[in-house]
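Each chain carries a letter (A, B, C and D) given by its place in the written order, and its residues are counted from 1.
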């Protein structure tokens, strides 16, 4: 456990248990099994496999627990978990139905569709937190919006503004990100189903109906395969980095305001091992960290657009390394943003006896 | 002239004269002058400055040519060209109207709005080229789509597909990018107008009407200032890298197909100084280069989301360094993609007397 | 456990148990305790704290086991684990010696020095693997070096070369990386000790002697504090990405050679869930993935050079997020490179009956 | 002219005329011609071409001026300027000696060696400026080093330090960068000479002597070809980003100090078009911009390590796009760092009649 997001003590600072749960290996297995079950069902519905086979496959998958050590060992060789997972499922299903498991599909259909299935609740969670954050910022504006604040341009004091003006620079982008998410969600909540090389070669004229049926059973929109068309994921990465970037600006502004301690008052700052009097604006700093982290990672997902031929093992695996990290960073940033909002005791200059006109 | 995009001989390979013209310093000056003229007009319309002043300002700007050397010298000190440009305009306008030039606005209003004004024709050009590219690929599909091709997954020959299947992996993302552009364009074709610190402090209750009038005169949508909210630009950068990334996949596939010379035949390859027989797939390679270039640059624009306080000199200038390069890369990639499409003499395996069973 | 490096089944493919062990939370705690014990010893040696206190601190730390849940909770607030760790140590040491724990030092001294202590065995391991890799490649050259191979330039067949020529392009950079590591190791195997703000303010004229004594006890070179001077770490990140990049070229070449199956024969390829006949060059692909991953991450560590003032919480934490990932990627790449070397059954074209002259 | 480094007015802010001159197209042509002349000389010395041919080639090249428009047009097709340049040279040399021009070498030998020849004076210039910067900072320390300053850790005031302490955090890395450059220079000041596929296939046993002779005539060290081994360039990119990163920290600190105007006094700040009283710390901001720019670009050069087979058109061209930009950014940062040093009128808190206890 080296990644700070999953780390025994750093995850206290940078982790997000909910995202970890929605996205982790357990959820992944569950989503892949769901795909295989829905596929068998859809195929039985079209007479492509026997109804009895689909029933047995469905029943088996309900309680199926893969041997994880074997999965890990096989993934080392195969580069993807599906061949061994399918092998284990077939053993569990047994004869004569095993041959109907994973029929006409391929690893990428399973892995990509399972990713989408795990992604959607993550996006819903992030959206909900962005809504809460926008509300929290609106509430700060209600409480403190009329207080004066020195605008700073190019790191220099400029003219006076109101606290509400600065808060709006934090809040407005979050509202736009929520709008963007609605469009992104529509684009990305789609089935991946193409078979060995994207042509659903095993199904002939049944292909479109089968794909539509499978998509519908999984609650996804029916679209043509996107095995080697990864623009949806690069878009996702961009959105995640927009979220962390806008929250990073919030954090950066708060850290700057907290320097002199005039324009903001924070509760719950971090303590120092050397200087007990200090109250470090840790939440604000973490927002900056997470923003820079995702601003770097977004590059990797754009490189993965160069997904050669019908399936690129290298570009695809690069997505696996990076996109979960970006989701965790976005999760951590939304959580930390909420924490920071709640730590703001005062925003804008203190108001003494009489407010200056 | 060090940048390969502007370079005496490398620009033959990597440049895009149209983008250079739409985006360059001349277009920038023109757009900034257009902003200042429209502002004076709008302000006169609302009685904020004398109508005569607006008329003189407008007349002056029609033929105004700034002293470029002085602009460069002043930009070194000021970090932005506008203070000196305004000074030169005021001298040209002369007394008593000079005081009404650039009234109540600030450098960022001018620079950001002028960038949007230059950006829009660039996006229109890219969109048009994407349309042509999609058509060119559709035409290749018409000509060669039925030819057989060995699908390759994980860099290994897989099952047979048709040339049309692979072409569709190149074409479909371009259609999605065009759709995305329609949304992006609406989001980004907006006025920037906030004054010194974003609050239009000089105009009181006239602010919204003035901003709407200015926006309308510039053909932009009326939106609140986004001085320190740079999500629109990060979105733009993502879109530009989606375009180059999808074209990079096209190039990568063509370069791989051209290796053995079976699955594709190209005309107009590059010659070698050492091996005169070679036909290098230069256009295909350049598409990969430009994709990787933009996949790196997109990171910078996401870092620029950390735009501190009311205006960040450092984050803003980072945009100036990177976004024009990304636009040039996208321009070069669309041009090169068109060139490559036209160089494809045959796609899919050669069809001999009899098709193999 | 979301990171693919630590993942239940993906770590079979991308993990490195040895690096995980040398770098993980357990090793971190151990190194931090080692720092605190050595500090007490060094301070007692100079009469800065009572000898008895140092003895009790040393004894306590030998068997000290922190409450990890408490560490995680406190890190959330403090942004760094040290304040709570010190608190726990002080409780364990008890009165009257607790006051002498962590005397005159600060979190960053502990965390950075503990990182260096964990890093050195990682670098030794990587160096050893690079040596093995260079030998394995030399052995391939001995076995197959004289076989003919078509050079490929710009993705096109060029003139004939020998297999040894291509192998040398894989091997020579590894030898240079080993040389670079010797220089890097000298630069980075240094103590971090500066106290609250880098000035060792608590020790006056004893500072240099104390720092030298502490460094010596930890087996590190004595250097002035580098709290906000992070060039050594950016250099480290560059080296890690050089290693993965050179191995990525090895993987890319092998994947390209394996396409037609003429120039190389591989054993132990990955199986496909859809096409049982396939032998996917998974190890080769993973080398490309890991190279691109680190080529992205190196950017983050360079951003962390902007470490503001005497200590940047945000830039420092960015290092924590990224550098361990880069070390894991380099570990995985060296392991995978060794695996790939051992999978090469033949390199260069097959030799039939008579070798062509 | 879109790149801000070469831009009509932005280059006043971000350009570096000396680097532009040392690195630009004119210097490139000159270095390539120097390579061709030295090659002919070296080959004549070994009897590989007639002495008379070498003499005519040498004489011709002394005054040779290529047709730049033709170079640009041909580069568009060939992907590299050399084939057409050689064609023009051969025409100028004429019969019967033309056949001896560019004998046994290839484009990459010419381009890479010419890059090294242009790079070395750039590195010497950067080194000299770093030396001046270190001196300028030392002078600031002499003038103001004893003044008190509030250390800031995690963006919060910490304990008092002296101005000299902070200055040392700016200066010490520059000294290390100069040391690193001495090592880097040795590694990179090497000949590139491999012929069509790196094996100097045209020269047999004469190859080592010819390469040594060529290297010596160009003032470079004799090393085996590195056509597809690009680690030296990734190292260079890392060094350039270390330089800009350390200067970025200097700029960031100064911008933070200048906020309240207590800890530093700057002359020559930038003016604002909206707020005439402001003195923007433009030089400091630009250092941050250039640091972030290079921290992004370094990633591209690491991606270019994946230089497939014997020569990668795509990875190689990516270097051409990025490395000159990084050199310009490093040039601009050293210039801007010097300017900023000279703008510091006071560093550390103002000293009033009596120093506060």
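We adopt the following convention: a residue touches a chain if its C-beta (ideal position, glycine included) is under 8 Å from a C-beta of that chain, and two chains touch if they have at least 3 such contacts.
Since we're looking at a predicted model, the values are computed, not measured.
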From the options A-C, C-D or B-C, the pair that copies A-B, where over half of the contact pairs coincide: C-D
Chain separated most widely from subunit A, comparing mean CA positions: D
CA centroid of subunit C to CA centroid of subunit D, Å: 29
Computed distance of Cα centres, subunit D from subunit A, in Å: 39
Sites on subunit B at which at least two other chains make contact: 79, 152-155, 158-159, 196, 255-256, 270, 272, 275, 280-282, 285, 288, 292, 296, 299, 303, 312-313
Subunit D residues within the subunit B interface of the complex: 1-14, 19-20, 23-25, 68, 71-83, 86, 102, 105-107, 110, 195-196, 251, 255, 268-275, 280-282, 285-286, 288-289, 292-293, 296-297, 299-300, 303, 312-315, 317-318, 320-322, 324-325, 327-328
Parts of subunit D lying in touch with subunit C, wherever the complex brings them together: 79, 151-155, 158-159, 161-162, 165-166, 168-169, 172-173, 176-177, 180, 183, 187, 196-199, 201, 224, 226-229, 231, 234-235, 238, 241-242, 245-246, 248-249, 252-253, 256, 288, 291-292, 294-296, 298-299, 302-303, 305-313
Subunit B-touching residues of subunit C, taken from the complex the two chains share: 152-159, 255-256, 258-260, 270, 272, 275, 278-282, 284-285, 299, 303
